[in-house]
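Quick one: structure below, then a few questions.
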Amino acid sequence: MLGTGIIKGLAVTAKNFVGSFYDPARLVTVEYPEKQIPIPENYRNFPFLVHEGDDPIATLRCVACKICENECPPQCIYIVAERDEKGKVLKKPKIFDIDIAVCMSCQICVEVCPFDAIKMDQHFEIAAGNRFEGLLLHREQLAKPNSYYQKIHPTEAAEVDAMLTAMKARQAAEKSAKAKPAPATQTPPPAA
Amino acid sequence: MNAPANTNSLLERAPVMIRDWIIGFFPESLRWPVGALLAIAAMLAVFGLVFAFLTLAERKLLGRAQNRPGPNRSGLPFFRGTKLFGLTQPFADAVKMLTKEDIVPRAADHLLHFLAPVLVVAFALMTFAVIPYGRQLVAVDIDAGVLYFFAAGAATELAIFMAGWASHNKYSLIGAMRALAQLISYELPLLLSVVPVVMLAGTLSPTKIVEAQANVPGGLIPHWHVFTPWGAVGFAIFMVAALAEANRSPFDLPEGESELVAGHLTEYSGFKYALFFMAEYFGMIGLTGMGATLFLGGWQAPCAFLEFIPSYLWFGVKMLSLILFMMWIRATLLRLRIDQLTRLAWKFLVPLALINLGTAAFWSRTDSWSGPLQFVRWAIALALIVVPFVVIGRRLTAGLAPRTYRYAT
Amino acid sequence: MNTLQLCLLISSALFCIGLAGALSRTNTILVLLGIELMLNAANLNFIAFWRFNPAPLPATGVIFVIFAIAVAAAEAAVGLALVIAIYRHQQNIRLQDATRLKG
Amino acid sequence: MTAALILIALLILGSTAVAMSLRNLIHSALLLVLSWMGIAAFYLWAGAEFVAFAQVLVYAGAVSMIVLFAVLLTRRSRADLSIAPASLRRAVAGVLAGGATAGVLTLAVLRTNLQIAPSAAPTVTVQQLGLELIGPQVASVLVVGVILTVALLGAVVLAASDRNDGKEDAP
Amino acid sequence: MTDPEIASPSAFPEPSVLATHSAATVRPVHDEFHGDLLEVSMGPQHPSTHGVFRMVVTLDGEVIVKLKPVFGYLHRNHEKLGENTTYLGSMPYTDRLDYLCSMTNNWAYALAVEKLAGQPVPERAEYVRVILAEMTRLVNHMCLVGFLFNDLGTSFTPLLYAFREREKFIDLFESLSGSRMMCNFQRFGGCRANPSPEWLGAVSKLVDGFPKFLDEYEQLLTGNEILLARTQGVGCLSPELAVQAGITGPMLRASGVGYDIRKADGYGIYPRFDFRVPIGAHGDTYDRYMMRILEMRESVKILQQALRDIPAGPVMDPKSRLRNFRPKPGEAYGRIEGPKGEIGFYLISDGSPNPLRYRVRAPSFVNLTVIEDMCLGRTVADSVVILGSVDIVLGEVDR
């Protein structure tokens, strides 16, 4: 009969209206700045650089190999390696800029990095007043300690740390096994 | 009217007493205009506030029906962090609307573009004059009040047309054309649904119609028109037509957002837009107020022992519940198409209203039937309602049905 | 000059404006509106005479006007339908172009 | 009392005269609505409130809508709406005819000795009207009903768009 | 069944209005504000063109006599970008084609590259892909149905109910892939992350509760008389035209052609699952709406089977490589049944790290081509609804 469909629909909205007062499954919204939905561990938004020690710039894991710069699809990474006085390339970045206005959070830089030096951050309240300088992050802003990484991605960080310590132990073992003859040749770490 | 003793309680008389007190300060010759101005001022203040909080109520209700809290963040100026459940939202909206830039398209008809929002509010406000809000609260008690109401209501569409035409925008123009078609279609069922009430009450005066619905001493069911078979149908038709007259969902075609951007409102911004918005709510208030007056007993309390509550509160409760029902409908239903809208009016509501006229005639002729004949009376009246509803409804929805589907496996 | 005469003058003025409009304009819609105005002027007379009748009859004038309004509404509806028919036929609504009864 | 009448008269005559001389059809139509409202005000002034509301309902509510619809449906471009009199001769002739009629009518009105009643308007309630319509005037009510129905049907038949018709007539 | 079965043409009455509005009777358009025909440019800024799409409609009253779709406002050079980045670098860009269903886009692209490179995929990864694809189908269809109702004039209520449920799926995408919509999850030879048992359990719980939500959702409006009046018989698409125009997906099936790539190609591990493909009989908007609803119910079945049968193991082929990925010269076309239709990627490799030719067959774009045929003779209000029922995402149309 005409009207039954309409009445059924009205019943559903009434049910939802009442339900939104007591049923958390129905009232799912959260008032954002006061409350926040917990961020899942895998959440990613923009990359940051992991450093090991107290001095953020000196202890960066990054060796300025430029793999991420090459692989980055939107090409938002810009790296210049440090050089010593003689012009020899050092294994650390002098400039490491990420334009997060361009970055599309694809995580490819993280996946291709052989040194586990770049990881995805979870800090998303990064609105800036200036879209050029404000969103162009330099290595000072990008550098974050390993403890921070362990905090935001605990599972992943544990795996990475285990792998890195294993690798270091292996390197040390190889070094001692090879004995003194030649100064230790840098063994390239295995690809991730 | 059989007035029980407690009808003249202090609260009941309060508005009139305040008016008389203020008028008392003026010389005799000025009392009439001052009284009229007071009535106008009171109405503007009360309905202005009602409008403000209805917008909030609508947003809250829609929000809750859509599983979200609705506006709840606006607090007080200078008190950061106060929230007050968003109760100050209407005032924040008002400030926003007043300070927004008023944009008039260069090609627009400037005079009409300006006049349209003014007129639409004016006509909507004019309808308030004849609605009896309480036992003694009616601004103008005229003999042909119901007719006046519909005359003033009909004129609002003219203003909507002006808005659509003056904007020099194709969406606006289509919206205006739709508004006209909608008005012409729905004026008829609206009036026809009222005719039985006028017929049986024997008057066009809203106050007298309310008095005709006064409680019968000892009666259990309120003696309202809606509790008679013809009254129920008339009320249903009235509400559907009122939705169309007020341009509310599912009949919001003139401003049909998904098709016409905003219809006749497309080129309006700032305060002019706010005036249109206000007129829409005033239209709702007026139509539901008239609906309550005609069918729900106006300011009458449902039973005698509840009459200690002032009559204007009863009226407010009835009107608000009708408005909330309109909002509930808006939260649920989707929009009709223009041809379906007119078809619904001409092929469904008008025939039903005409048949309802016959039902009302039958009901009034058989007023003396009692005892077992009372059941016969109800049975015949219900048959007169249900059979046409089913038959015409089936014709209206011919060919429309949920379908079953086959599967390729 | 008494009030009744004033009313009659108003109505005759309205009638003549309507007449002048109907005669001078070529737009069919305006011509129709002029005729509507003349009808309205007649209604004004009815009400004026009813109002100032020395021996008032209860409702004659009013009833006459009600009928006149009903007929005027019918006239407007048919007239404007004719306008649309003319437009459909000759793609404009100039009165002097509507010279043929058929075709 | 008379002052109110003069105001109403100014409203009616002014809006009508301007409406009839305007070039923009939409403005004309809207001004005529104003004039009709003025006529309703006149009815109110004369104490015939039922007629006044009926006037507003029928003219401002219905006739104006039909007029506006007709205007919108019968134009090709926005420029079509500015309509000038066909020729100066025609305009002058029309105004002359109107003026002459006005003169004759004015003379007639002023020369006639019209008796008027005391100032109070005759009271007529809606109920009286209804009884009158159903009683003595029932035949006329029926006739008007038939006229309205026929007019409605006629209007529908006239205005109903026949698509095939359009195809045959297409040049 | 692998062959498209075409229903008898007699079941599809030609809309009579369409006949009367054939080109012969269309009157000429005079000027910008002509009396007879009104030309309205709906879009690119319009509430219901689903993005920056524009329809130039010519109206006779409210009836459409001509409709010209105009698009390209969101063109981002996707295909040329694909030819200038590495194979892997294109993967995040495919997220942004149809931004509601990045998982299926990823899969289609990964499938094409895997075909090109002969890369095998582990069993568990196939299951994960099916689970994610069907979840994406649910997400997409919920969005579509919600937006369709909005186009029909509801005040956001059905849309927000749909979004409430969709949000739960998107949260799961986020906890697996790190992003709610731009998942960038598939890799050549598997998936990026191995879903934990807890994650699979959460999916399972959500999927089991989904039919209940669908029931309530259908109760809200499916039987509504206004919906029936607004959608039944509106925007009919005949199966002949649908096949000729290359329409795919639910839109094609609504027209009565039972063609589904999951059945026709049997890509991935779809042949292992027991599911049915619903077929419409009228090809109108209501059928297109119901196709989505019924497909959601079938997707739930697939999901339940996949979640029951998923084996343990790695999700990435150990021999696959991320860097220096150079497939041998050749060409490949990978296609899957996306929620909107056949989403396909055509690649030509010349042995370099970048594809020589990269081409997307976007279902939204192809399905949009018949919009004028469906809208002619209908009203403006219908055109909006028909457009909504086609289910387009402008990111994919304009690429």
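Letters A, B, C, D and E mark the chains as written, and numbering starts fresh at 1 in each.
Simple rule for what comes next: a residue touches a chain if its C-beta (ideal position, glycine included) is under 8 Å from a C-beta of that chain, and two chains touch if they have at least 3 such contacts.
Here the structure is a predicted model, which means the values were calculated and not measured.
Participant: Just to be sure I understand the contacts, which chains border both chain B and chain A?
Facilitator: E
Participant: Per-chain C-alpha centres versus the global one: which chain is nearest?
Facilitator: Central by C-alpha mean position: chain B.
Participant: Please tell me whether C-D or B-E has the greater number of C-beta pairs in contact.
Facilitator: Of C-D and B-E, it is C-D that has more C-beta pairs in contact.
Participant: Give the label of the chain whose average Cα location is farthest from that of chain B.
Facilitator: Chain centre farthest from chain B's centre: A.
Participant: Which chain has its C-alpha centroid farthest away from the centroid of chain E?
Facilitator: C
Participant: Go ahead and note the Å separation of the Cα centroids belonging to chain A and chain C.
Facilitator: Comparing mean C-alpha positions, chain C is 82 Å from chain A.
Participant: Nearest whole angstrom, what separates the Cα centre of chain B from the Cα centre of chain D?
Facilitator: It comes to 30 Å between the two C-alpha centres.
Participant: Between chain A and chain E, what is the gap in Å from one C-alpha centre to the other?
Facilitator: Chain centres of chain A and chain E, defined by C-alpha means, are spaced 31 Å apart.
Participant: Between chain C and chain E, tell me the centre distance in angstrom, where each centre is the average of that chain's C-alpha atoms.
Facilitator: Whole-Å distance between the two chain centres: 62.
Participant: Would you mind listing the residues of chain E that make contact with two or more other chains?
Facilitator: Answer for chain E, listing residues that touch two or more other chains: 157, 161, 164, 220-228.
Participant: Enumerate the residues of chain D that touch no fewer than two other chains.
Facilitator: Where chain D meets two or more other chains at a single residue, that happens at 50, 54, 62, 66, 69, 73-74, 76, 78, 166.
Participant: For chain B, jot down the residues that touch at least 2 other chains.
Facilitator: 65-68, 173, 331-333, 397
Participant: Which of the residues in chain E come into contact with chain A in the complex?
Facilitator: 85-86, 88-93, 95-96, 157, 161, 164, 167, 171, 174-179, 182, 184, 192-193, 216, 219-228, 322-323
Participant: Show which residues of chain B lie in contact with chain E when the two form their complex.
Facilitator: 62, 65-68, 170-171, 173-174, 249-250, 252-253, 256-261, 330-340, 397, 399-403, 405-409
Participant: Could you list, by residue number, the parts of chain C that touch chain D in their complex?
Facilitator: 1-10, 12-27, 29-30, 32-34, 36-37, 40, 43-44, 47-48, 50-59, 61-63, 65-67, 69-78, 80-85, 87-89, 91-94, 96
Participant: Which residues of chain B touch chain D in their complex?
Facilitator: Touch residues, chain B against chain D: 109, 112, 142-144, 147-148, 150-152, 154-155, 157-158, 161-162, 165, 168, 173, 177, 180, 183-184, 187, 202-205.
Participant: Residues of chain E touching chain B in their complex?
Facilitator: By the definition above, chain E touches chain B via 1, 5, 38, 40, 46-48, 59, 62, 149-157, 160-161, 164, 220-230, 232-233, 253, 258, 260, 263, 276-282, 286-287, 290-291, 294, 379-382, 384.
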